[in-house]
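Two complexes, one shared chain (subunit A), two partners (subunit B, subunit C).
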Partner chain A sequence: MIESKRRRRVIANIATYFVLATLSTFCIGPMIWMFLTSLKYEADIVTQTMQYIPRRVTLDNYVAIWTQSGFPRLIANSLVVTFLTVTICVATGTLAAYTFSRFAFRGRTKLMLGYLVMRMFPAVMMIIPLYVVMRGVGLVDSRFGLALAYTSFLLPLFVWMLKGFFDSAPKELESAARIDGSTRLGAMVRIVMPLARNGLVASSVFIAIAAWNEFLFALMLTTGQGSRTWPVGLQLMVGEFQLPWGVLAAGGILSILPVIALFAIVQRTMVQGLTAGAIKG
Partner chain B sequence: MRALGELSETRYWMYLLLLPSLVMILLVIAYPTLYGMAISFREMRLTRPGLGGWVGFKHYAGMWSDPVFWIALKNTVVWVTAAVVLELALGLLAATALNRDLPGTKIFAVLILLPYFLPNVVAGHMWALLLDPRLGVINDLLVRMGVLQTYKAWFADPNTALAATILVEAWHGFPFFALLLLAGLKSIPEDLYKAAAVDGAGVSAQLRLITLPMLKTVIAAAVILRVIGLVNSPDLLLILTGGGPGDATQVLSLYAFQTAYKEFNFGYASALSVVMFVILMIFAAAYIRLSRISKGEGDD
Partner chain C sequence: MATLSIKDVRKSYGSVQVLHGVDIELEDGGFLVLLGPSGCGKSTLLNMIAGLDDTSGGDILIGGRSVVDLAPKDRNIAMVFQSYALYPTMSVERNIGFGLEMRGVDADQRKRAVDDAARLLQISHLLDRRPANLSGGQRQRVAMGRAIVRDPELFLFDEPLSNLDAKLRVEMRTEIKRLHERLGTSIVYVTHDQIEAMTLATKVAVMKGGHIQQFADPRTIYERPANVFVASFIGSPAMNFLPGRLVSDANGVRFAAGGVSVALQASKQPVDSERPVVLGIRPEELKVVGRDEASVEGVIDVVEPTGPETMVTVQVGEQSIVARLPPRFAGRRNESIFLAVDPASVNLFNPGSEQRIDI
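Coming up: the complex of A and B.
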C-alpha cells in the first residue's frame, strides 16, 4: 500500500519534470537559437547542412548592428521614451492608486471601473485619432508625444497594479502616524510610500518593459530618425535592406537584454502584482 | 509644503490627488476616443486633404459589402479562439506542474514566464527564422524526424499560415495563463485535496471536482483579458505575415491599422475599429454575464 503510493509519487514527479522541461524548452529554445544564430557567420547560417552548434563563433553581427545602422540612436530614443512614460505614469498614477486604495468617496467604484474599461479600447481605435490630434499640435515624430500616447494604455494598467500593492500595505502604521499628528500628506509620503516601495518599483518596471517593447503606436507616430524607437527601426531595417539573419538576431538579442535584466531583478514582486487583481476580481 | 499638508486634511484632498491622472486620461484617452468615433462618420484621407465632410453611416454601410471585412472577421474569431484555447491548455499544464513545488521549480517558472515579456518584434522575427522555408531549424528537425519530406514555407502557404501564427501567439501568450492560473492554484487550500484523496478521488476526479471549479473565476478573468488583448493587437501578425498570403491571416485590428497606415483612409479605418470595439464590448458583457450565472449556480 505504502510502496505503491511512493511509486505513484515518483511517477508523478517524473511526469512533472518532463512537463516542465518540455515547456521550458518550448519557451527558451527559440531564444537560444536566436542567440546561436547571432554568433554565426552568415555563410554558416545559409548552408545546406544545418549547424546546430556553431563551428566558428564571431561577434561581427553585433559590431554590424551597432555601427552600421543607427542602432545606438534607436536605443537612445527608446530609453528616452521609456523614461518619459514611466515618469508620467509614476507622477500621476501613484496618487490615483493611493487614493483608490485608501479613501472612500462618491464615484470611487465607477471611476475605478472606468480605468479598467479603458484597457478594452483597441489600440487601433486610439492610434488614428491620436495621430490626427498630435499632428495638429506638432507632437508627431516627438519622443514626448510618443510617451504621451503610451500613457493612454499604460496609466490605467499602472494604477490598477499599484493599487493592489497599496492595498496590501498595512494601514495601522499610517493610523499611528496620523494620531501622532502627521497630516495625510505626511503619512502618505513618509509611511505608505516606503511600505509600498517594492510594489512601486515592480509596477514601474512592468510599464517600462511595455513601453520599451511597444511597436504599433511607435510605427504610426514616428516618421524620422529623431524619435524612432528600436522596434520600429529594426522592423524597417528588415524591410528596407534585407537585413542578414545574423545581424537581425544580434539586434534582437541586444534589445531584449534590458528586458531580461529588469525581469530578473523584480520578477517575484511583479508576478505578485500582476496576479493580485485577477485573483481578487 | 505646510500649506499642502493642511490641504491634505480637507475633504477635497482625494479629488486633488486624482486630478493629475484624470487630466491625463481625459487628454490621451477620452478625447481621442470621442474624436475617433467622430472620424468614423467623416471622410478623412491624409492623401487628399480637401476631403473632410461628414458622410454619416457611409463607412459602416461600406463594410457590409466589403469582402475583406468579412474574411477578417472570420479570421479574428478563428485566430482568437484557437490561440486562447491553446494558451489556456498549455497554461493549465504549466501551472499544475509548477504548483507541485518540486526542487528547481523556481528556475522553470522564470524560464516559462520569459516569452510573455519579450517584444513582439523580436518574437516575430525569431519565429520567422525558426520556420524559414530555406534555413529554418524547425523544418530541418521535422525532415530529420521524417514528419516532412521537404522544407515547408509555413507563412507563405495559405493553408498553414494562420496555424503557424497561432503557434507563435501561443508561445508568446501562454505564460500569461500559467502566471494567473498558478496564483489561482496556490489559493486552493491543500486540505481539499487531502480530504478528496481520503474519500478515494483519483487525480482526474480531483481535477474535475476541485481544481477546475475553484479556478473558475481566475480562468474567466484570464480568458477575458486575453481575448481583449488578442482582438486589439495586430502586432505579431503585422510582423509575421502582414495579413497575407492573400487575406489568409487578415484580422480586423490589422485590417483597420493597414487601412490607416498604408492607405491613409482614416475614416474607414476608424469605422472598422469602432465596429471591432462594439463587437468586443458585446462579447465581454455576454461573457461576464454567462460566467457570473454559472458561478452563481456553483455557489448554491
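Coming up: the complex of A and C.
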C-alpha cells in the first residue's frame, strides 16, 4: 500500500518535471539558439548540416551591429521612450488608481469599465485614428509622441493593476494619517505608496517591458532614425536580398540585456508585489 | 480638554438616511460612549466628529468651535481605530511621533513627548520595533500612545478593544479608564459592548437605526431605560419582560398577569386601571421568598450555576423569566419557586410604542 503510494508519487514527480522541462525548452530554447547564432561566423550559420554548437566563436556580429547600423541610437531611443512612458504612467496612473480605489464618484464604474473596453480593441484598430491625431498635433516621428501613444494603451492596464494594490492597503491607515496632520495627498504619498511600493514596481516593470518591446506603433509612428526604436530598427535590417542572421541575433541579445538587468534589480520586490495578498500576511 | 456639542446632525447616502437628527452634549472632560448594535450609525457619527465623513446637516462643535468645515487634521482630535491602524512601514517610535512630525515639532521635543507617552503606557522597550512584531495588546498601547502624545482636545475611540481576547480586553478597559482619569481629556468611545459602556462612560448614547434611543448617565440607562430596546440591550442576562395589565384598587396599584402580581409605587393618581402594560424586571432584582410574600410564582425550568451566582430560568404561566440568585441556590427542575421583587426597581413599558411609562 505504502509502496504503491510512493511509486505513484515518483511517477507524478517525473511527469511534472517532464512537462516543466518541455515548457522551459520552448521558452528558453530560442533564446539560447539566438545567443549561439550571434557568436557564429556568417558562413557557419547557413550550412548543409545544422551546427548547434559553434565550432568557431566570434564577436564580430556584436561589433558590426554596434558600429555599423546605428544600433546604439535605436537602443537610446527605446530607453527614452520607455522612460517617458513609465514616467507618464506612474505620475498620472498612480493618482488615477488611488482615486478609483478611494473615492466613490458618479460614473466611476463606467469609467473603469471603459478602461477595460479600450484594452479589448486590437491595436491595429486604434492605429490609424491615433496616427491622424498625432499628425494633427505634430507628434509623429517624435519620442514623446510615441511615449504618449504607448501610454494610451498601457495606462489602463497600469491603473487596473495598481488599483488592486491600493485596494488592499487599509483605509484606516489614511484616516489615521489625516487625523495625525496629513492632507489626503500627503497620506497617499507617505502611507499608502510605501505600502503599495511592491505593486508599483511590479506594475511599472510590466509597463516598461511592454513599451520596450512594442513594434506596431513604433513602426507606424516613426519614420526617421531620430525616434526609431530597436524593434523597428532590427526589422528594417532585413533586406530584400540579404538576411544578416548573425547581426540580427546579436541585436536581439543586446536588446534583451536591459530587460534582464531590470529584472535582476527589481526581481525580489516584483515577486513580492505580484504575490501580495496571495497568502495572509 | 473641551466640550463636545452635536446639534441635529444628519447623514444620508443618496436617499438612504442613516442618522436622523442626533443631539448630544458632552461636558468638559466627559466620557461619552456611543452604544448600539451593528449598523446603528455610531461609527458614522464618530467619523463625522473626526471629519472623515461629511455631515449632511447639523453642526458639530468641539470646545465651542464649529468643526464641520474643517479637515480632520485641523480639528485637534486624536483617534484610536479598531484595527489600530499603525503605519506598518514605520517603527513604533515614528508611529507615535508621526502626528508631531506632521505638525513640524522638532526632533528633540518629539523624542521627549514620545518617551513620556511610551513610559505612561509601558511600551518604552518596544520603540524600535515594527508594528508587525507586536502582540495585539502592544499594538493597542501603541495606538493609544499615538493618540495621547499630541495632547488633543478630544479623543475618539472606535471599538478599540474588540480585537483583543477577553482577558486583555478587561485589562485594557481598566487602562483606558485610568488614562481618562489621569489626562482628563474628553473622550468619545464607540462600542457594542454594554459592559464597556457601563464601566467607562460618564454619558451613554444608546443608538438604533440612526436614532438616539436614550442619552443619559450609565446608572439611569440601566435603572430607568427609556424604552424596551434600551432595556433589553443593556444588562446580561437581559431584562425580563412580562406582558400584563395595571390594576388599581383599594390596596393601591399593581401589575397583574398569570402567576404574577407586583405591587407598584404610583406617584400620580388616578392610574388608568386595566391598562395593558409590559413589566420589565432585571434578573438580579428577583429574590426567593416564602409563598406568602411572593409576587411571582413559577416552576423552575433550568438551573445554571456560574460560580459567583446561579442563573435560574423560571416558567411563569406562558412566559419564561431569568432570575440571578445566590450561588448556593438549591432548587431543582420542576420544583415550584416563589420570587419577590422590589417595586422601586421595576420598569413599565407601553406594549404598543414600547416606550417607558411612569405612573
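What we mean here is this: the second predicted complex is superposed on the first by the 256 of 281 C-alpha atoms of A that agree within 3 Å, B and C clash if a C-alpha of one lies under 4 Å from a C-alpha of the other, contacts with A are read in each partner's own complex, and residues count from 1 in each chain.
Going forward, contacts are C-beta pairs under 8 Å (C-beta built on N, C-alpha and C of every residue); 3 or more make two chains touch, one makes a residue touch a chain.
Please read all numbers here as calculations on a predicted model, not as lab measurements.
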Subunit C versus subunit B on the shared subunit A, clash or fit after superposition: fit
Touched partner set for A:Pro194, first subunit B, second subunit C, both or neither: second
Which of subunit B and subunit C A:Pro170 touches, first, second, both or neither: second
Partner chain(s) touched by A:Pro122 [first = subunit B, second = subunit C, both, neither]: first
First (subunit B), second (subunit C), both or neither touched by A:Ile88: first
Which superposed partner A:Ala249 touches (first subunit B, second subunit C, both, neither): first
First (subunit B), second (subunit C), both or neither touched by A:Ile45: first
Larger contact residue set on subunit A - subunit B or subunit C: B
Contacts of A:Thr183 with subunit B and subunit C, given as first, second, both or neither: both
Subunit C versus subunit B - closest C-alpha approach in the superposed model, Å: 6
Where subunit A meets both subunit C and subunit B, residue numbers: 183, 186
List of subunit A residues in touch with subunit B within their complex: 12-13, 16-17, 19-21, 23-24, 26-28, 30-31, 33-34, 37, 45-47, 50, 52, 88, 91-93, 95-96, 98-99, 103, 105, 111, 115, 118-133, 148-149, 151-152, 155-156, 159, 183-186, 188, 209, 212-213, 215-216, 219-220, 231, 234-235, 238, 245, 248-249, 252, 255-256, 259-260, 263-264, 267, 271, 274-276, 278-279, 281
Subunit A to subunit C touching residues, read off their complex: 170, 172-173, 175-183, 186, 191, 194-195
Residue ranges of subunit B in contact with subunit A within the complex: 4-9, 13-15, 17-18, 20-25, 27-29, 31-33, 35-36, 39, 44, 90, 93-94, 96-98, 100, 102, 105, 108, 110-115, 117-122, 125-127, 129-130, 134-135, 137, 140, 171, 175, 179-180, 182-184, 187, 217-218, 221-222, 225, 228, 231-235, 238-239, 253, 256-257, 260-261, 266, 269-270, 272-274, 276-277, 280-281, 284
Touch list for subunit C against partner subunit A, complex: 47, 50-52, 71-73, 75, 77-79, 81-83, 85, 87-89, 98-99, 102-103, 146, 150
